[in-house]
Amino acid sequence: MSNRLLHLDQVTKSFPGVLALDKASLDIRSGEVHGLVGENGAGKSTIIKVLAGVYVPDGGRLTIGGRVIDPITPESVHAAGVRFIHQELHLVPHFTVTESVFMGQEVRGRFGLDTGGMRRRAEAFLRDVLAVSIPGNRLIRDLGTAERKLVQIARALIDEAAKVVVFDEPTAPLASEECATLMHAIARLKDRGISILYVSHYLNEITDICDRVTVFRNGRSVSVFDDIEDSTGQDLIAAMVGRELEDLYPENRRTPQASLLELENYSGTGFRNVSFRLRAGEILGIAGLIGSGREELIDTIYGLRRSTSGTLRLRSRQLRMRAPKDAIDAGIVLVPRDRRHDGLVLPMTVSENVTLATLDAISRFGLENRRRARQQTEEQISALDIRPSDPEKVVRLLSGGNQQKVVLGRWLLKNADVYLLDEPTVGVDVGARSEIYALVDRLAKDGSGVIVSSSDPGELIGICDRIAVMMRGEIVSVLDASDLSLDHLISVTTGAEPTEAAHG
Amino acid sequence: MTELTSNRSSSLLRHLFVRFGFLLAFFAFFVFFAAWNPVFLQGGNLLNIVEGSAILLIVALGMTLIVATGGIDLSVGIALDFGAAFAIVAMKSYGADWITAAALGVSGGSIVGIVNAILVVGLRISPFMATLGTFFIGSSVQRIFTNGGGPISHRRMPDEFRNLAMGDIGGVPVEVIVAAVLCVIYFLVLERSIHGRRIHAMGMQRLASIVAGIRVNRVLIASYIVAAMTCAIGGLIAAASIRMFTPLSGFSYLLDAIAAVFIGAALHPRGRPNVLGTIAGVLFLGMVVNGLNLMGLNFNVKDALSGIILVSALALAVAQRKMR
Amino acid sequence: MAEHGSPGRLSRLVDTAPLLIFALLLAYIAFEAHNFFSLLSFKLILNQSLPVVIICMGLAFVVMAGGDDVVSGGIDLSIPATAVLCAGIIAQWLATNGSLPVAVALAAGAALLVGAINALLVTRIGMTPLLTTLSMFVAVVGVNNVVTSSRRINVSDPVILWLRDGQIAGVPVGIPIVALIALSFYHLAHRTRIGLNMQAVGGSRDAAETSGLDVKKLQSASFILAATTGFIASFFVLARGSGSSPGVENNLMLEMVLATFLGAAFSGRRVVTLWGAVLGAVLVAAISIGFKSMGVNVFWTGLIKGSLILAVVAFGALAQRGRR
């Protein structure tokens, strides 16, 4: 262990109601590419934020190069040579490459800044270290996503003081051919003796470029693969998933009835030729990684974006959604993935949010019947067990789970036919999750159709009847959920296992 | 508000400030003016404050509506001018009776709102830029129409129209009654109706409102037109009180209207622009002007002081809200 | 997601539309008004636009550091008021037999104070720049009216007269001076750390914060800088009007906003830039003078300017939509 460079030892971090990290450890050797994998909510992003000095851990310590870093602050970690390549690019679109690389660390020259020198250094760094030639005077907005990513990397590393670089989901926004450029750059960094912590959902990338891999599950570091060469994606998946009780999910299966929603060769920005049929009483899952087109598909069905071709039929009636109001009137409702921005009006109260889509029902001569609104809200509060049970509470102050219940409560008042749920349980604690699953199950049993788009494969298998897997904008496979194993679903979703195109 | 955890005296002070800061300032000014000149407190003078604030109040109501939708309207003065111009010209050149004249005035003002709505909703120009453009164009149109900005006077207007500004019902000036009626309507629509709920929701979080099925564009169009029509009613009163149309006179209400709305928003427990707060903001500004007048200050000094008080009041109001 | 490669022909047309509109307009003027492209009228245009050019650069700094959303981003509407206040202080001091250096020092102090108050209200109290600087505009104009008693004050100081009448090699002396100022501001914006960092803050606050920049400090600096441009512009306000006269600030403000945001439409990056602002100011002056020399009634200029800004901003909005 003499070449251990960075060591996070027994780190614990809890948030109200959630133990996000439970004595998790991570050690990175000098000059290696170390992978970090785990399902959503396993604690990956929490430990990254602890390492970045964003979260203060409740316990545990950080050692870099034999020195204990205490306290862990953004400054102390930076001084110790740790750099972060965040998932978001954080670049100014109208800045040049040189300006972006040197942002906040500009070099002074004789008259003001040494622009020529900076440009030469930026170009040289991109060429020699990252093996791309990008002119320093190009504007960021004229670059492709992969090039922007490289500029972001150059900014983190230009001071030549980096010892460990943390990549957080670097390929998520990239097309497959762009990934190769990035992988190449990472290999070059490794050649220069820089250690890399590589966080990704794409297991094929992990097995391709990592030397060792740590697997997180439920806030713990459950296993370390010291020799990834001898392991396969399946081994990683087995470690990620573990074998746990699944009583989070309702037991019964439903019996789907008549066809409700039909999509035929439905295309739009970000997805194409999507065809499927949702029946009443059915829960259809949509799986896919970030960038697979899942989000765009849901948004388009709901009228937030326009479809470009293909048809959408609800109860055999062809519909064209121009705005969400059209979808709502037709009986299709959406629980959006970003509930804080798109789902709720945060500064408004529970009551105001719950009744927002059904205002006509509480109107008397256009005026709001406040008693009626309060009564309806209280019904939803008790039906969904929203806490605190105060209808006048501002929703900003509610927990994630309760906020989600407020969104659901709004649509329950509407009695919709089709429920689109986009990442319904992200940021929702376990207790509220099982309540939401039970509710979704009840909706389907009462004859509605439900589409659940989720990045959590366990959730999809747990509650869905069928699961459509999307990859790079297309449905590549439709799987029956009843005899589907987690490993298999993850393999199909992550591309670890090739699939033949399927239709449902 | 619910956090009554203030157990130290410093946080108690803070709590007092957060809760009552602006009201305290309001009363401090009130007491100061009353002490300076006892006339300030006389019933006649207090009525003067209200009467003198009527037009500003009407304009500020329109502004409240636009700010509630998440925008801002720099063209309220133009709508006011158009209201006055259409009414005066209808009476003077076409001999219209007072009702027709008033109706024409209000529809004249609505043109401004329609233009704003087209720019904001149709062309997706930001409200600031759109209404600034309307302001430019509207000002220019007035100059062209009046050949450089000379007033159009109409001394022999019908008494009924004249009474909009000069008459009273049971001792209460008609313009105060008009303003009060508008206040009640705005209060009901903005604070008590389902339309108001939609307006506030889209002003706070537009995307979430769209997802909740609110037809945001329709709400916006209606708001801009209604706000302009409201300002035009203010223009009718202005025209009636001086028996003429003075081009570009509406501009003087713009900044005070904005200030009143934001003071009012800061007074609201959740920081929303709201009718009652706007009324309080208008009365505060009216009180300051009246009090400074009674102090017998030089015109210029008075101007400067009210400007400085405006900045301070806004800063106080915003600070109070941010500390919540 | 983001499709790279060449943008469509249509969107490129939309991109260049603002420039095209302007070129056509100038061509039309040149065709209608003879001598429009003569050296003399060129000098006249430049000379007339000097005060606006300077304050536009100040506004450009604030927008660069605050982002170009007019309501929530950076804007400083108080610069013209600052310029007029500085001019008023200098004129008043000179009129009471004071010396120029003291007058200049007083004016500079006043400008810095205004800038500091703006910065304080925006970065510490948390008021939006629009609300802050709009109300500061009112307050500063009020203070100026106290300083000058709302009178016109003639200035006959040789330095100011030299700025008005002096020539270097046949070129009015103001033009090379302002050109030098513009160059040094350009240096500040693009060749110094603080300038680049300011732009980073405005371009993406997240990016600036992850790069460890002090966002509040940089935004404050932009307001101080803006007030400084107001101070510098005051000399040219004095020179252009041969003294200080009340009411100049309204027109200056409108021209400043028009020119700066027009400039954004011209810049390749479609953001507010120094060069864009300067070019915008000169073009606005060119159009004003052009129409005047065509014999177009001056009352029409507001209409034309208003339509122009709307056209340009609407194309900007269209281009944005096309790009998404």
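Just so it is clear, A, B and C label the chains in written order, and each chain counts residues from 1 on its own.
The definition used in the following text is that a contact is a pair of C-beta atoms (placed from the backbone, for glycine too) under 8 Å apart; a residue touches a chain by one contact, two chains touch by 3 or more.
Just so you know, these numbers come straight off a predicted model, no measurement behind them.
**Q** With centres defined by CA atoms only, which chain is the most remote from chain B?
**A** A
**Q** Contact counts by the stated rule: is the higher one at B-C or A-C?
**A** Higher contact count goes to B-C.
**Q** Cα centroid separation between chain A and chain C, in whole Å?
**A** Between these chains, centre-to-centre, one finds 44 Å.
**Q** Please work out the Cα centroid separation of chain B and chain C, and write it as a whole number of Å.
**A** Averaging C-alpha atoms per chain gives centres 29 Å apart.
**Q** Using the touch rule from the top of the page, what residues of chain B touch 2 or more other chains?
**A** Counting only residues that touch two or more other chains, chain B contributes none.
**Q** Using the touch rule from the top, collect the residues of chain A that touch chain B in their complex.
**A** 302, 304, 323-325, 328-329, 334, 336, 341-348, 352, 355-357, 359-360, 362-363, 366-368, 394, 410
**Q** Where on chain B does chain C make contact in their complex?
**A** 71-72, 119, 123-130, 132-141, 143-144, 147-149, 255, 258-259, 262, 298-301, 303-308, 310-311, 314-315, 318-319, 322
**Q** How about chain C: which of its residues touch chain B in the complex?
**A** Touching chain B from chain C are residues 69-71, 117, 121, 125-127, 130-132, 134-143, 145-146, 149-150, 254, 257-258, 261, 297, 299-307, 309-310, 313-314, 317-318, 321.
**Q** With touch defined as at the start, can you tell me which chain B residues reach chain A in the complex?
**A** Within the complex, chain B touches chain A at residues 188, 192-198, 200-201, 204-205, 207-215, 270-272.
**Q** Name, in rising order, each residue of chain C that touches chain A in their complex.
**A** Of all residues in chain C, those touching chain A are 1-2, 4, 187, 191-193, 196-197, 199-200, 203-204, 206-208, 210-213, 269-271.
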